[in-house]
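Per-chain numbering from 1; labels A, B, C and D assigned in written order.
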Amino acid sequence: MKLWGGRFDKAIDGAAHGFNASLPFDRRMADEDVSGSVAWARGLGRCGVLAEDEVSVLVDGMEQVRAELAEGRFAFLEGDEDIHTAVERRLGDIVGPVAGKLHTGRSRNDQVATDFRLWVMRACGRMDAAVADLQTALADSAEAHLHAPMPGYTHWQPAQAVTWGHWAMWHAWALERDRRRIATARTAASALPLGSAALAGSGFAVDRAWLAAELGFERVIANSMDAVSDRDFAVELLFAAAMTGMHLSRLSEQLILFANPSLGFVELDDAYSTGSSLMPQKKNPDMLELARGKAGRLVGNLVGLMTTLKGLPSTYDKDMQEDKEPVFDAVDTLAAALPVLTGLVETLRVREDRLIAALDPAMFATDVADRLVRAGVPFREAHGIVGRVVRAAEEQGVGIDALDAEALRAVDARLPAATEGAFDWAASLASRAAEGGTAPEALRAQLAAMREAIGSRQVGSYSSTGWAESP
Amino acid sequence: MKLWGGRFDKAIDGAAHGFNASLPFDRRMADEDVSGSVAWARGLGRCGVLAEDEVSVLVDGMEQVRAELAEGRFAFLEGDEDIHTAVERRLGDIVGPVAGKLHTGRSRNDQVATDFRLWVMRACGRMDAAVADLQTALADSAEAHLHAPMPGYTHWQPAQAVTWGHWAMWHAWALERDRRRIATARTAASALPLGSAALAGSGFAVDRAWLAAELGFERVIANSMDAVSDRDFAVELLFAAAMTGMHLSRLSEQLILFANPSLGFVELDDAYSTGSSLMPQKKNPDMLELARGKAGRLVGNLVGLMTTLKGLPSTYDKDMQEDKEPVFDAVDTLAAALPVLTGLVETLRVREDRLIAALDPAMFATDVADRLVRAGVPFREAHGIVGRVVRAAEEQGVGIDALDAEALRAVDARLPAATEGAFDWAASLASRAAEGGTAPEALRAQLAAMREAIGSRQVGSYSSTGWAESP
Amino acid sequence: MKLWGGRFDKAIDGAAHGFNASLPFDRRMADEDVSGSVAWARGLGRCGVLAEDEVSVLVDGMEQVRAELAEGRFAFLEGDEDIHTAVERRLGDIVGPVAGKLHTGRSRNDQVATDFRLWVMRACGRMDAAVADLQTALADSAEAHLHAPMPGYTHWQPAQAVTWGHWAMWHAWALERDRRRIATARTAASALPLGSAALAGSGFAVDRAWLAAELGFERVIANSMDAVSDRDFAVELLFAAAMTGMHLSRLSEQLILFANPSLGFVELDDAYSTGSSLMPQKKNPDMLELARGKAGRLVGNLVGLMTTLKGLPSTYDKDMQEDKEPVFDAVDTLAAALPVLTGLVETLRVREDRLIAALDPAMFATDVADRLVRAGVPFREAHGIVGRVVRAAEEQGVGIDALDAEALRAVDARLPAATEGAFDWAASLASRAAEGGTAPEALRAQLAAMREAIGSRQVGSYSSTGWAESP
Amino acid sequence: MKLWGGRFDKAIDGAAHGFNASLPFDRRMADEDVSGSVAWARGLGRCGVLAEDEVSVLVDGMEQVRAELAEGRFAFLEGDEDIHTAVERRLGDIVGPVAGKLHTGRSRNDQVATDFRLWVMRACGRMDAAVADLQTALADSAEAHLHAPMPGYTHWQPAQAVTWGHWAMWHAWALERDRRRIATARTAASALPLGSAALAGSGFAVDRAWLAAELGFERVIANSMDAVSDRDFAVELLFAAAMTGMHLSRLSEQLILFANPSLGFVELDDAYSTGSSLMPQKKNPDMLELARGKAGRLVGNLVGLMTTLKGLPSTYDKDMQEDKEPVFDAVDTLAAALPVLTGLVETLRVREDRLIAALDPAMFATDVADRLVRAGVPFREAHGIVGRVVRAAEEQGVGIDALDAEALRAVDARLPAATEGAFDWAASLASRAAEGGTAPEALRAQLAAMREAIGSRQVGSYSSTGWAESP
């Protein structure tokens, strides 16, 4: 069924129909399409365009369609061009000619924008929850090993001692920013286009503020041309997803490096590992590698839609039909990756023995410098002194904690005092007590703040249907 | 001057120094670097690490450095690796060995993050103002031709009549979303990293909340590893810029099409046009084309940094030095494009005569259908009837307003009544009176809302220095 | 079935299995997987690792598997992790324990690379043919209207007269470069990884040159680590596809603009147009818009894989499993778009009357300047003179061909002679007779060269199976 | 100076001039611009449009301009819009009014395309040489440690033993593909646009084949609209550069991981390392991190231009001015990165002792399985047996080479024989003797092939001027 055709002589070419058809993907918005149409029918009723009994018939019919869709009983037909067409066709089967009144004062341009925004709003709620679950797994891991010392890296070189708790919460905080972006994307989506018709505004006086409230939108879009043209909300979701993917790629990379036997900081549970078809000894972190790799896909989705939107001439151009697949793919990608990473972190075995074994006295070089500073040496001079200590130790082939007093004095007379107790990791950690530091009390405060952040979940106002709705 | 070296035997290779050096671009953050160091010196004084007189000497010295930089008297030296090194070196020239105390408890990792965030915050304020100026030009153009009828397009085909005011405000509303994103990027930047040192937190008890307030940050970053690692704020600025660029590309594309003589809706002022080196008759919309084209560059900047950040293993990896150039380029690109587009819109001659001449009776087909609906015909049936009218008119080679009553009746008996007065654009526009529609009163409300939105400018809390600071 | 597990205690988590599984997409390489395994079995036989009868049993079993796959009778099982696992499992069902000998000296790392390269080589052949079909449609259109004059545009402003033939062949030449890139991608793919095992090379002396010839590869990959790690060929295909998409976007944009009634240069056949659900008069170029929009998707696929590959640490990392979906999507996208565009161009009605009507005398300004040059006026001076003519005509509100001799002489005394006959489009076209110009004889030469280019199609050496293989 | 203006009343706005001006970057093509103009003048002379003495005067004048440019004596003026304008203006200063004849039959559209192609061709020659230098450094490193055993990784887990020579040549082979792409980009550029004028072809019968030969182009572009519109060659260079960057990112990542003390496979020379401003012990691989990070920038440049080109409506649109900066930036980026990486590899200390120490008996698990296969056990069964050996060893907390015969027999009776000598790395390496494997004789063949590949450098036919020309 086509919703147009009066002026056409000839049917569309078969390949062209297939190229044009959006049903293979936009059927995922079936529930939202029904919701939008129900609200529209009621809105037409409220302003007198439809009679009360017409509204009832239409709404009942739509709810039957919704049930058929939800229960997998809905029969899509070959000629259905998109979900809107399919739903209206089926409505006609059920309620007869009155179905032809539903599209009054509406266009597919404002209809599809409404459906898609509702879908995005719902997806944002699910994404938020899935990210928060991973935050919880990280916070739990942090709490379980809050004060376990480990090397902190810059330039992938050991730098200073931190703790596992500090490390795990770092990543939880990065995810908190992703949740903010997801919430921002939801707010961007939460503006009603319905009532804008094709582009000029509806010719019927439907109350759009009422429609917005009915459908759970925060506000009404102020300009009808903008309403059918704006896809910023979709790009914002893709941006939020790509940034989440970028963060997951960094978390995953680090766990992959930690799982290499030369460090051995973590052991993955068998349930989140795979083996090799050739090498029997292998235990591979495939989940982490996939999560890292999918950052590329998510960036690709973002770029794709931005490039598509660039330079479009009209209000609605058909190019914009390319908005849905990247969004669906991005949401599906995170819906697959996040729970797996959550499970992986929950079951991760953190080897505190290996973390401690990896601490090297040189990581405490800054502590020695800080002690010299406390003894009145300007930092730059202290930095230079400790640099010479490092070189002296390297020349002797020992750790910097193994130089005797004489060797230290040969570098600087103040060193024996300054190195006394400086290689004690507990003292080093305790000294980083400024807000945000890795000292025990700073960490406890941080953990409490993280728990509170996790608690304030975004609540999707629209629907409670599951994340991975059946396509 | 290098800020390291005690443990090194050999100087850095010349090409490697050049590859590594960030001074050619990070000198743009000179003022922010000084501000950060002044605050840090005061912070060290407040917690007793520096004596009051040391703080005074350092602050006075820094202010002298700032003045030299501002006045172009600062002499960068060959060996200066980055702006931090250059500034600290010069400080040493001025105040002597006490300069060596400034870097106490600080690392370039938290220092550069602080500088860059301050720069981004300032840039966001400037971007907001420049976007708002373009909104004003669009709103002024809208107001000047608020009710001038013109064709509205979907699929780059004439669809329905709208007005120039409606068209211009569409684009102003799209820019409003860009301003929201710019504000979001500013908020993302407005979190203090200083006091995180290299990654583990500072070993000195500097009051970070005080530092944040002093420097104009809204909050303190909660985790020191996150503080030196997070570049989300830079990516957010690039995203906001790329979306702005995307909107400018659509606005520009449309004006380019409008300026083609076959439409001739607008004439560009000579001051915003160029000619051809070969074809004497040409008047080219180069400014619009460049603005359209630069959308690509802005997407490229965004993708570049996201790809760079993907999969980084440590807290600070040197890869992150690649964060600044795309941000500077994005800000410069918009700083160049926005005022030119603003001037172009301000001086644009809108040809109302050409807009009206382009109205085609077929654009009112929906109005005929709506009239049939009001007469009780279901919309789907009305749509089909009017489709046949269009075909009949095409077969006769006339406009749909030129069919006589007989021809209309041949299609459907209700048509003569329904078409009576339907081709009057004023009536058509007036009928689109729902919120957001193109009817006069809806437009006046929209214009008022737009003026209010423009009025609430983001006020940068940090500095009043000009947008295009001298590099 | 998993091909690993001896060392594992616990089954993989269900969600992790789903996240890890590539079967939903890599089943498209089923035929290639069988071909690779058949060749491998024969190779193992040739070097004595398998007995002749074992080879026969394996090959017969594999051919049965191939038939089941081709005929849709192959039953994939829940636990099948990827196509390799599924095929080997089914082989075991058919031939018993000897199936366990097939994977000798091989790894999935070299196996999947072999399969994927074969698939890409085949796809390149299909892409080449589809692009050549569109070239043919363009060349046919060019030939049908070879000398039909039309405005040529720069800056979307009328510049000089060209012909439809010239315009259509422009796009055919751009596509010729796409075919070259597709051929380059095929060459990149045509290197054999099989025999590299996991990364170190096979421990069995299989003759890799023989394998390459058997499977249709041009050469053997020289380094086994490179063999399992290299995905350049996939990125090259994505690049070739994205560039094709970019060219299609430009062709489509131009046809969309030509189809706008203000120009009306072309009319789309009903079979390649769509209508509006709201506006009965609309005839929309959806196919062209989709083709333009999909350029974004193709760029996204390219960027996605490049970002995924960036910074990978090992030879084979699981991230590389992300290589297939973008390639499949890019090939499918072009497989859908190209035939539709070909049909659209084949059925396009070119309105020569409208092309001619759009010629404006100002387009011949350069011809006047050229005539002044031939009369000895330096070009720069001539350009300035004609510029003043244009302005004089604008001031009088007439075309530049309508100025009388007096008005011309007022600008420059040499103008009356120079303008004599200068506004004749046939003469103008004829004067552009240098190679590549729009003059009739230049066009005929160009058309002949284009026909020859189209004729030399890339012949895929591997398989004749259809383009859109069933997934 | 503007090359247009006769029809303009008003000067261009200052900001608009700045936005429009390309001189800040296109001055890098000054030498190419002169070369193109010299050839054009001669071409005009050959077909009689210019007199012989006019040609001489113009050519001499142009050579003087070239010298001024080369020696830094050329004075650019405020009003110079682009390099073409600046050069022609200066030519006029030198030779007087005859300079006004140079632009006869030419447009900036074909002129800039010619200049840019010449620049790209030259840059490709330089890029090829710089990549080949890095290949040489890798091959030298390979040769110096050709048979030094080291762990090979998949999934960043130790997989099988390979050699340093094999590892280093892997990366050299990847770079060989980059050289092929660079050569392809050069071929794409090597097509002459000159003689196409603005878009319709030149009105003067200049011999374009002669021009092409004179300027070093391989062929003439067949269609004048294509000639001014085609920027594929620029995108191809960006693609070749981005792929090179991707390979450098993988090489760099691996060296960064190898330099971490937990592996300690390599030590960077002080000349290619940096220190920390805070942590005196740090020796950081900044060069490698920057090289890894710049992969993002190169992808960004590619995406930017592709997005810019998408959907352009005309032949030449001003958007295309955005083609140069990403190309210059990409070439500069590689010109900076490649020599530094080359120097870094040349001075890299490969620690063979650490490589050997990192070999783990489990890496030879596949060898045990292969031995079982040679004893008649189907591979799948052998794989399972060895998997159980790995588990048994893990349970005992020993290496798989430390299980006694009894423990082995408990898993499978054939194991004691199969493990005999299986953990000898030399034997393991020697067994990977198939072409491309890591066995000594295979490596020697590979090294010879690599040396030959390096030897066949692309020779730029156009110019010998240095890579990093002064901007």
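Keep in mind that, in the parts below, a contact is a pair of C-beta atoms (placed from the backbone, for glycine too) under 8 Å apart; a residue touches a chain by one contact, two chains touch by 3 or more.
Computed from a predicted model, the values in this text were never measured in an experiment.
Engineer: Taking all residue numbers used at the chain C/chain D interface, answer same if over half belong to both copies and different if under half do.
Structural biologist: same
Engineer: Could you see whether B-D or B-C has the larger number of C-beta contact pairs?
Structural biologist: B-D
Engineer: Counting in whole Å, what is the centre-to-centre distance of chain B and chain C, each centre being its mean C-alpha position?
Structural biologist: Distance between chain centres, rounded to whole Å: 34 Å.
Engineer: For chain C versus chain D, what separation do you get between their C-alpha means, in angstrom?
Structural biologist: Roughly 23 Å, centre to centre.
Engineer: Where does chain B touch two or more other chains at once, residue-wise?
Structural biologist: In chain B, residues 3-9, 103, 109, 154-157, 159-160, 197-198, 256-257, 275-286, 289, 292, 295-296, 299, 302-303, 306-307, 309-311, 313, 317-318, 366, 383-384, 386-387, 390 touch at least two other chains, as defined above.
Engineer: For chain C, which residues count as touching chain B in their complex?
Structural biologist: Contact set of chain C toward chain B: 154-160, 256-257, 259-263, 275-286, 289, 303, 306-307, 310-311, 358, 360, 362-363, 365-366, 369, 383-384, 386-387, 389-390, 400.
Engineer: Okay, in this complex, where on chain A does chain B touch?
Structural biologist: Checking each residue of chain A against chain B gives 3-9, 49, 97-105, 109, 152-157, 159-162, 166-167, 169-170, 173-174, 177, 184, 188, 195-206, 208-209, 220-230, 232, 235, 239, 242-243, 246, 249-250, 252-254, 257, 292, 295-296, 299, 302-303, 306-307, 309-318, 366-367, 370, 373, 378-381, 383-388, 390-391, 394, 429, 431-439, 442, 446, 449-450.
Engineer: Which part of chain B faces chain D closely enough to touch in the complex?
Structural biologist: 2-13, 15-16, 18-20, 84, 103, 106-109, 197-198, 256, 269-287, 289-290, 292-310, 313, 317-322, 325-326, 336-337, 339-340, 343-344
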